[in-house]
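Shared between the two complexes below is subunit A, which pairs with subunit B and subunit C, respectively.
Here is the complex of A and B:
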């Protein structure tokens, strides 16, 4: 198990290095462009050149990346080209909001998609016939369309939930809960749909396996056969889908934060991209890549925990 | 959301099958005659036409402002869908915006199909190092945060829909790669590909003729989902404001309407509706195509009402005589009377696989149930435990345990199962739960039917494991099923069956899957246990040698009927039925040739 975990960690680190290096090269490839972006279009070539030197953009890319990477290890992500604030402190106010949305959504999606998938697989019949097209649809409609629908319904029509804005859990738990309810709902639909149809498929396949018949023949109650044995054997692909959902959830969260006016990384990335604030964008790439890799790693470990073959291969 | 829909869908696509060319030729026609498919296709064609013809069709240009019409509500004169905060006609902007969406779709599709299908073909056909490294790249691409990378790209290039969609095409290419690779790996080993190689066709022609035709169907299905994802991501990027401000698109119209939602709420409906409906049409089209191209997905399970009807009907048809026959002797533990089992034949009728079987098993007796595969012998075995497949129908008869009919009461059946009647399966390796250690599943199974502490159960099971011939029970207790041999697994299953001290054992071909040397040992074990515990045992087998070895009594089955029964010695001595004679002589021939 330990070797399995170490191999997965090494892989995750390799992917993070690869991705940050590739984006770093893309972003810092045009040093003069960045400097002109910072100074504005009217800047003289001499001023641009001076800015390039000041920001250290004249050094070879590998050297710049090495510096950035050393900074990452020591917790220094540089400063914004525009506001001069340290990237780390900018991110530390924004990331928790987005991360909360993602974690709450993933947790709810895991529970609900298992229940829906099992119900569809075990009962079949009309439940299955209703769930299948709904999940295809839910997985395809983008979260921000659902979000806009929710704002349209709750802000314009009934005003039941606060349509937009954010309350920190430190201020008020109930206020926080009601401020994230609609955003989580918008994100949840797609995740549940994708994972539930996966759970349905694998639970169905597992139900037709020989050992399930033998367990039933041994007199074990059906509910325990399903939740203890079938689900455990069927969990792998569903968990993979759930952990892959993180990528979609980050993208979804960035856009719907704009819809619900939440102070997460959505608004930050939008501004940073439009200004060409490269250190902030690099920080965002780093944080999101780390989130995705950590969730994937946890997903792999969870699969290994339920499936003895996976952790030994 | 954005980006992942397509990525997820590859996981739940059923394994594609090669279709005969004749079935495929009519797919377009079948698509057009399918109401759902025809509607989706018509809607999508309308959208494409709207985009291409917008210069002639749209009432005004995309950026024409009319200050008199600022925030005009829908259905106002000259502005069918209203106007936005700058007084621009929303209908016209959506029509012009369709061009941007179409462009995005074409780029995403081109890039992802080109990269994914090509690399999938090469990886699946030649395998080796390319497959390994391409799979790694594909895994990495699938774990990248797409939107964030598109944002980073924007920071470098500014608004550039072509570059953004090409990058998205790269990120979604693994969907095709995985699909095509697994399809090609499947097809590559087919006989007709081998034949083409033997004839000496070049790889290029084999791929062109045979492999591509197998890949085409799945790729077309997947493409409709990828297009849906492409529309979503394009709208998302534009909604973030990262599109070209001079060029309207569905996403930018949506964003501007949304920012203006408190002044002109209705204006947000149109772009949102257009985006959702287009995605909906693509997804529905994809699932219609999947049904048409992969018809094997249909299920044969009947609705519960239809099942009840069928059972009632055939119970009425059944001969009254089969019900009334009493059990013959005092010693009989389990007795089956007039049992009839059927399956839906797919056309609304029922195919009977067991057509009125009678069977008695006495204490301390091993009753062989012989017949060729498909004769219905396993069906009888499963029905005594109430573990027939879901789609099976009990059409009549009874299963009496100590004179009480288990078929009449699900409660009785449940109480008997595992406690009084136990099961030894055919294929030992697939009948243990791969996720639990041997010890965990044995202990758990025993405690589910007997009130015992964990320690008591473990102690009893360790003793029993030693009894069934496992040398180091403590060690085996901690192993997983894939770590033990087939013979050991069968001993473990026998141990699990007898642990709850049942009266009846139903063994379904218990030695068929084992090595010849192990077979004899397992049969010997069953015989010993039967004598020790005075069990009544039904032994299902196709092997008359097994019957001769350990059975006391035998019933011969063919086509769902029990043809002949008797004690083993007299039946082997003088078989009455022609079929039994044939069975005996063929099995003797086999023995002779084996020697």
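Here is the complex of A and C:
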């Protein structure tokens, strides 16, 4: 298991280096445009050139990337070209908001999709017939459309929830719950839809296997058969879908943050990329790559823990 | 089996119960927000909450935005405040005397003003701020030639190396004054240190999301700012902005023309401002990049294929006025009563193209940048140009180099909504002079140079006459295709009163306009 984990960690580090270098390469060569953006449109050519040098954008690509990488290792991600804020400080306020959305959505999606998938597989009949088209519908409607509908229904027509804004849990727990409910619901629909149908299919397949018949024949309670034996065998594909969902949720959360004006990484990513705020963009890419790699790693480890055969692959 | 079903149902019911609890707490929260709005509307003048469609860069006095600058207005003062006509009134400077021929000014400063750090707002502080602005930010070019003397703590004498008719508009009414200690700290973006009507409440501020300010009780003109607290919320999405307006989360914000009907239907008041003129800029007057554009008949023909009345009515859905000149109506350069010098006439335009030897037209690239409001306009312009066999193709610019490329001279024909100013000398400076950033080919013109010299050194009457002469000249030479004065919209709750908009750029209400 340790060797398995080390192999996965090494792969994650390689992916992070590749992704960050590719991003740096894409951002390279815009020095004068970035400097003009910092100084304003009527900056003189001499002032622009001086700013290019000041920001270090005149140096070769490998030198710039090497400096950035050294900073990462020492915990210094640089400062924003435009606001002068340390990137770490910016990320420390923005990333938790996005992560909150993702983690809460994922936790609810995991529980609810298992329950819905099991209910559809075990009971079949009308429950299955209702859940299946609803799953397809939920997966087909983009999250931002659901978000707009939720805002109209529960923030404008019936003022149960705030239409925009974010309240930190440090300020108010109820305010925090209130501020994330609609964004989480908007993300949740698609996540549940995708994972529930996956769980339904794998649970159905597992239920038809011989060992389940044997367990039932031995008189083991049905709940134990399903939640202890069937689910364990059916967990692999479901966990894979959930880990993929997490990666998809990063993209989804960025759009949802714009609709609800949440101060996460969504708006920051857009603005920083347009401006060419290299330190901010690189910080965001690093964080999202780490999140994706960690989720992949945890997903692989969880699957390996549940199903020893997976460790061999 | 029954037990399993009960457990499953219980598990499904749990999130529903949580949602119900959250709904109730959300209900409480919404009621509180609503209560705040009502309190503000009932005359208590408690909190004013405004939406901003873009974040500020930070608190650097030399890098404050040119519009939606409520954060900067809250914490910083200028030397003077220019009104909607560009006329200055006192702020830090209580009186002033401009030197002849636009060569400088002597300022007398208000006594007793202090920065947040307790240091005095005096001549030394004003000098430090102007020197800082000369070395940093967008104003550096304009401020570079200043010499500043401080004969005593309440007098500042600014002398210019070259005449600058925009000294009042672009220096005295726009340079922000901050504490010298703060400017020297190297930490100008972290938190402000000005002398403005409000101070930043850092504890209630989340950078990039919400900025909270409390009233400065010792401000010299405190009565002009009736609200004890100011909250600015960053809402970059149009949808989020409208939702926040409709639910009372913000009490005022700029909205797009697409949201006009929704804003009115939601009971919001909408103010219309006309600080922009949409125009086609034909900057290659000498035909160096596109030879055809060097022919005045071609430029006039291009003017004649646009029906500005129909554009205002159809493309802008009535939320615009047709434009016959680039300057703001009422400004010094504007010619009142001007009838369209190039009325819509495609046949006559084609004849002009043939006369100029360009009956077969030419090819041109028109740059496009998302978010500038060209989405409906650009296809129409391309279509109308095709009537003259001018093959215009859209080139989408994006990313950090977009503006640099746009202004590089690579595109001698630009479709752009650009500001029209209370002081029309600023329009001439930016759009007509060879040094103007939007005169992207930077081509010299002897007539314009002679008239600009008259503006630099002439009497007030001579300056006004020269401005009008420049306007007549560029109309006659067809340097632009003026199209429309689009309505710029500011929606606000009826609980907030905005008797007038005093912005010289006519882009948004100023902080002191909120009553």
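Please note the rule applied: the second predicted complex is superposed on the first by the 290 of 313 C-alpha atoms of A that agree within 3 Å, B and C clash if a C-alpha of one lies under 4 Å from a C-alpha of the other, contacts with A are read in each partner's own complex, and residues count from 1 in each chain.
In the analysis below, a contact is a pair of C-beta atoms (placed from the backbone, for glycine too) under 8 Å apart; a residue touches a chain by one contact, two chains touch by 3 or more.
Quick caveat, the model's predicted, so the values are computed rather than measured.
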Residue contacts on subunit A - larger count, subunit B or subunit C: B
Subunit B versus subunit C as contact partner of A:151, first or second or both or neither: both
Which superposed partner A:284 touches (first subunit B, second subunit C, both, neither): first
Subunit B versus subunit C as contact partner of A:20, first or second or both or neither: neither
Contacts of A:30 with subunit B and subunit C, given as first, second, both or neither: both
Contacts of A:119 with subunit B and subunit C, given as first, second, both or neither: second
Touching partner for A:64 - first (subunit B), second (subunit C), both, neither: neither
Touching partner for A:217 - first (subunit B), second (subunit C), both, neither: first
Contacts of A:141 with subunit B and subunit C, given as first, second, both or neither: first
First, second, both or neither for A:105, with subunit B first and subunit C second: neither
Overlap of subunit C and subunit B interfaces on subunit A (superposed complexes): 30, 33, 148, 151, 155-156, 221, 258-259, 270, 273-274, 276
Subunit B to subunit A touching residues, read off their complex: 1-5, 7-9, 11-12, 140, 142-149, 151-156, 225, 228-229, 232, 235-236, 239-242, 254, 258, 261-262, 265, 268-269, 272, 275-276, 279-280, 282-284, 286-287, 299, 301, 303-304, 382, 385-387, 389-390, 414, 417-419, 422-423, 425, 427, 430-436, 444-445, 448-449, 480, 482, 493, 496-497, 500
For the subunit A and subunit B complex, residues of the former touching the latter: 15, 18-19, 23, 26-27, 29-30, 33, 124-125, 133, 136-137, 139-145, 148-149, 151-152, 155-156, 187, 190, 194, 197-198, 201, 208-211, 213-221, 224, 228-229, 232-233, 237, 240-241, 244-245, 247-252, 254-255, 258-259, 269-270, 272-274, 276-278, 281-282, 284-285, 288-289, 291-293, 296, 306-309
Residue ranges of subunit A touching subunit C (in the complex, touch as defined): 30, 32-34, 36-37, 39-44, 47, 82-85, 90, 93-94, 108, 111-112, 115, 118-119, 122, 148, 151, 154-156, 159-168, 174-175, 177-178, 181, 221-223, 226, 258-261, 263, 267-268, 270-271, 273-276
Touching residues (chain side subunit C, partner subunit A) in the complex: 1, 3-4, 7-8, 11-12, 15, 19, 21-23, 25-31, 33-34, 55, 57-58, 60, 63, 137-142, 188-190, 206-210, 233-237, 239-241, 243-244, 246-247, 249, 398-405, 407, 437
